[in-house]
Amino acid sequence: MYSFKNDYSEGAHPRILEALMRTNLEQEEGYGEDKYSLQAIDLLKKKIGRADVDIHLLSGGTQTNLTAISSFLRPHEAAIAATTGHIATHETGAIEATGHKVVTVETPDGKLTPSHIQAVLEGHPDEHMVKPELVYISDSTEIGSVYSKSELEQLSNFCIGNDLILYMDGARLGSALCSKENDLELTDIPKFVDAFYIGGTKNGALIGEALVICRDSLKEDFRYMMKQKGALLAKGRLIGIQFLELFRDNLFFELAEHANNMAGMLTTAFTEAGFEFLTHSPSNQIFPILPNSLIDELSSNYSFYVWAKTDAGHSAIRLVTSWATKEEQVLAFIEDMKKELKTAEEK
Amino acid sequence: MYSFKNDYSEGAHPRILEALMRTNLEQEEGYGEDKYSLQAIDLLKKKIGRADVDIHLLSGGTQTNLTAISSFLRPHEAAIAATTGHIATHETGAIEATGHKVVTVETPDGKLTPSHIQAVLEGHPDEHMVKPELVYISDSTEIGSVYSKSELEQLSNFCIGNDLILYMDGARLGSALCSKENDLELTDIPKFVDAFYIGGTKNGALIGEALVICRDSLKEDFRYMMKQKGALLAKGRLIGIQFLELFRDNLFFELAEHANNMAGMLTTAFTEAGFEFLTHSPSNQIFPILPNSLIDELSSNYSFYVWAKTDAGHSAIRLVTSWATKEEQVLAFIEDMKKELKTAEEK
Amino acid sequence: MYSFKNDYSEGAHPRILEALMRTNLEQEEGYGEDKYSLQAIDLLKKKIGRADVDIHLLSGGTQTNLTAISSFLRPHEAAIAATTGHIATHETGAIEATGHKVVTVETPDGKLTPSHIQAVLEGHPDEHMVKPELVYISDSTEIGSVYSKSELEQLSNFCIGNDLILYMDGARLGSALCSKENDLELTDIPKFVDAFYIGGTKNGALIGEALVICRDSLKEDFRYMMKQKGALLAKGRLIGIQFLELFRDNLFFELAEHANNMAGMLTTAFTEAGFEFLTHSPSNQIFPILPNSLIDELSSNYSFYVWAKTDAGHSAIRLVTSWATKEEQVLAFIEDMKKELKTAEEK
Amino acid sequence: MYSFKNDYSEGAHPRILEALMRTNLEQEEGYGEDKYSLQAIDLLKKKIGRADVDIHLLSGGTQTNLTAISSFLRPHEAAIAATTGHIATHETGAIEATGHKVVTVETPDGKLTPSHIQAVLEGHPDEHMVKPELVYISDSTEIGSVYSKSELEQLSNFCIGNDLILYMDGARLGSALCSKENDLELTDIPKFVDAFYIGGTKNGALIGEALVICRDSLKEDFRYMMKQKGALLAKGRLIGIQFLELFRDNLFFELAEHANNMAGMLTTAFTEAGFEFLTHSPSNQIFPILPNSLIDELSSNYSFYVWAKTDAGHSAIRLVTSWATKEEQVLAFIEDMKKELKTAEEK
């Protein structure tokens, strides 16, 4: 049984474990003030092309989202997210638990546009309703789509014009930036958003996300927030060492590119076989719509999520590839699919 | 410069990193439902001697305390803690951030007794005040003391008699249980407390605490709480593998014993040199009161915290040893201290 | 200018002010333990037909909703509401501010059905999402509809079968129970719901809502919650005296009936004039769809909210009547409308 | 039985009820945007001598404190209060329920000084602890003492110098300002504090406190906070009319002066009889230390709180007078006390 369930099924890229080994017995300061975390932060600033941002290393995506958003907002302020947004449905009310409403918008492709946000603002005119203040987007989105430079720029301009904070969840930013359809550079992101994070967990790290705060007014006292939310690890080096390894050369991007390539092979195979997709995805999560009988057959050798029933005989499945996905398994999957289709045809 | 600042200066015990290496490329379920986490939980249940407890693996102490306490209490209920208790002063209001007051009690030695709690209950008679509902203790305490079996039993009986939840912060439970003055077994703890955690981070792990929920009524839906607080790691295997390694033989206790032995050597040396201690500590944190001049001299080769000024010429320092503390460094420290004392005497 | 903007434009029914006058200088206990509050609670229990419920008197609807819902739920549990539900949009995130998500459902008429709730439950299967636990309904709803006995019974059975709490916002319960289409008695409500409140503010009181907690497991320590949320008035007598006056005879229902009758006259007039309504309302809020020109004309003598644009030339307006609405003003409004229509026709 | 238990035993000053009667059937805007609330706010600005402050009318003290403090602070920031401070012990954790720790300081007289606050700041140096940001004081204090102009000025200067918010709970500000030992004018308060409230409930109103926000940076969006916390009354006129009546002439101060005079008569009588006081109080709450036998005798005709046991045979009681306290009852109390003392002497 080979798993295409998610991009966190394996441990870390071996170079990361080696780096942990290499530095293991050195004595370091605690709580993220160790040499490695500081170096990683410096390195990230260079890669991002901005010396003036603040960078903090946290354990996971939900933790990063809840710590950042609750730090950025006053009690009556709300986040706006697509209904597919991770904070809207898959974080067990983590944002609400810090006191803030998440106002959701239905979108066809998981992406927000200025007109979506405009509609939310118009529906929240006064103090009897929350004040929408932060726009939450994900790149790549939870359903695999990616933002173009022009889309992000338009969102950014709209947010500036309406005094909104633009926050990007980059749990899969690596995959987004390495997507064939992407025209954004890592150095573009801080030009457009007020804060974002670079996801490590889903791109080769054991654990760890790097939150980048670009807007000055959002920076103050952020380490207090991290400590209060349980996000300041005693052995912060654990995350610092990993980001240092991921970014000291091109490893971070190579891993994302591999994941995308593996997904691309699957996409090509499904397309050639005549299948449609629930949503267009140029990143490492794809959602082909398949006959239920084919899904059943594939399930005996591969694990994946059945995402949505599309009609009586078909469902969309989610296949996720990662830095660790083996090409031979992708090829085997495609082979098995073709074989099943042929068998089915012959019946 | 050698550090006695804390017990999380180094990475993990080498066996832990080896275990991570060994299992690295296996595909596993996410969010703590992997094989290793499940095995670790089973193993811990055996070590604790209770099959009926629920065990959850979390990243750090503050995160464990805030997730557990906010799960156990209703909105108007409060925790009682010693003023030295970690939740009272060193977690940036993490408990209050979940809505709960921490009512504090001054204690000479960091330990709570039934009479402390009785006084708090008497001071909170009705709905104009919070309802004290959970008693928070640490073993070893934040100032190095340990609970005896009889003390813990008395607390337990008092809590049962007053419908209170008894919760133990075991960030340094290893050191407590391996203390020469300890008469508790790990299997005793669940007999006396409603929930506790076994600290990994300060006893050889990279990251990780194992929360044990003993009382049935506190168990329900705890994984929801973890997810909501950002405590459910995508790669939960990271913690599972570590606890499995720490407990598959006696490693956890050996590491704690080493830390205690190192502290014991320092304690003996200070005692022989005629120094007093701020507080009696049979565990891995000690607080000798030294002349400021000696502190200054020692600071040039060793790092540690100056804890409290005790009079014009003296201060208490905190020295913390760990599984990784090198005996040769302890001996060197003692040697240096003696040398300094002799030099001072000769002046 | 006469206002049909809402049902809280005037002060209190004169009998209420007289009762406040009459009892003004008597010395009473504070914080709702006064004689009048206790008598009011006893009286309400009789009117409700249940001696075993707990009743608490609070100031307003948002306060009652937030205090009750945050008391009833654990941190990971959510409320389910119609998108039109007051807690969903018109309370500035009051429920989220206590930590709980409000999961919303689109409904045509502001009412929830078992199938709505079933769909929410199916969309929230595990700990990565909040746990829907409380069903929030309003009777009458925020858009004027009322629940039938059979509808409420079905909801109740569904909630019992799925371990859900059924909570009714009764800000306009008077109007609902006195609606011509209603077949519920006040004594029916506690048979079907776990908690509800009887709204005073919108039915003749200066201030005050009576929360009725029917399910035993929700009763404990509720006064603590009230105090914590700022809902325990020092001079609780203020609310007690008002409910005593409203319920010592039939005043509460007479006031609601008057409001409904006034709305009914308006509804008949609009219907006779050939207008449609945004939603069917047999209570004291109606939403006729009118030509914009007519709305403009009526606006010069009457104030009301323009609720929604329905097409280029028409909008729905909201007209609210109350215990204090003067029949002569309703007649004048109808007359003015007819005059405008005639004038428009002649052009 | 005559009550000296508190200053909210009676309803409102009769002029207030008359004002409510007089305006009762006028149609007004809801949620504090009515003519009377706006007039009251204008009037208060004149009385305070500052046109640039923001004023909001809320129901009660706990509600005002929790809404203001949670609006003013970021999540990691804490309030500093005397252990006797209302928010510290008598509000059921209302401040903590909004996420903020209350750091307490022992004081002999319920008043805070710069040195108290300095000590708290020194104990909270970094992000492992909350950040003390708001200083909460009460005038008069919860144990009857009052701040002098010089004391308040020193506190103010200290807070400015340390970037702290100075907030004054004025539940009994009337009594403080009318105290014989007071040298503050109402117009002085906004010179020294960043926000304060003028208590109506304990000085003749049925309900209502007027929060004055002086510092510009604390003003934004406060009505959102009020709505979210359930503090925006639908019939806001109820509070507006009362403050208008209390301040349109000197009524507010006359009522406070009467309360103080009644307490002064009691103080004189106890002093002449040779009794001491738990604390020096020149306001409307006094704490004489009496023999338990005398307390028992007085309890048969008068109700009051026994505040603290001072030795085996004595206790301090709390006597509270108000605008409604009858001079004849005070005289009767004094007479009864003297009679008892004489009887006791003769035994």
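Per-chain residue numbering starts at 1, and chain names A, B, C and D are given in the order in which the chains are listed.
Just so we're on the same page, a residue touches a chain if its C-beta (ideal position, glycine included) is under 8 Å from a C-beta of that chain, and two chains touch if they have at least 3 such contacts.
Every value quoted in this text rests on a predicted model; they were computed, and no experiment measured them.
Asks: So if I look at the partners of chain A and the partners of chain B, which chains show up in both lists?
Replies: Expected: C, D.
Asks: Between B-D and C-D, flag the pair that has more C-beta pairs in contact.
Replies: Between the chain pairs B-D and C-D, C-D carries more contacts.
Asks: Could you work out the angle of the rotation that brings the CA atoms of chain A onto the matching CA atoms of chain D, rounded to the nearest 5 degrees?
Replies: 180
Asks: Among the chains here, which has the CA centroid at the largest distance from chain B's centroid?
Replies: With centres defined by C-alpha atoms, farthest from chain B sits C.
Asks: If you average the Cα atoms of chain A and of chain D to get two centres, how far apart are those centres in Å?
Replies: Averaging C-alpha atoms per chain gives centres 51 Å apart.
Asks: How many Å are there between the centre of chain B and the centre of chain D, using C-alpha atoms for each centre?
Replies: 42
Asks: Averaging over Cα atoms per chain, report the distance between chain C and chain D in Å.
Replies: The mean C-alpha positions of chain C and chain D differ by 34 Å.
Asks: Return the residues of chain B touching two or more other chains; collapse runs of consecutive numbers into ranges.
Replies: Expected reply: 75-76, 91-93, 97-99, 127-128, 130, 224, 227-228, 232.
Asks: Which residues of chain A touch chain C once you look at their complex with the stated criterion?
Replies: 75-76, 78, 89-93, 96-102, 127-130
Asks: For the complex, which residues does chain C have touching chain B?
Replies: Chain C residues touching chain B: 31, 70-71, 74-76, 98-99, 127-128, 130-131, 221, 223-228, 232.
Asks: Okay, in this complex, where on chain C does chain D touch?
Replies: 2-3, 5-6, 8-12, 14, 17, 20-21, 23-30, 59-67, 91-94, 97, 201-202, 206-207, 224, 227-235, 237-238, 324
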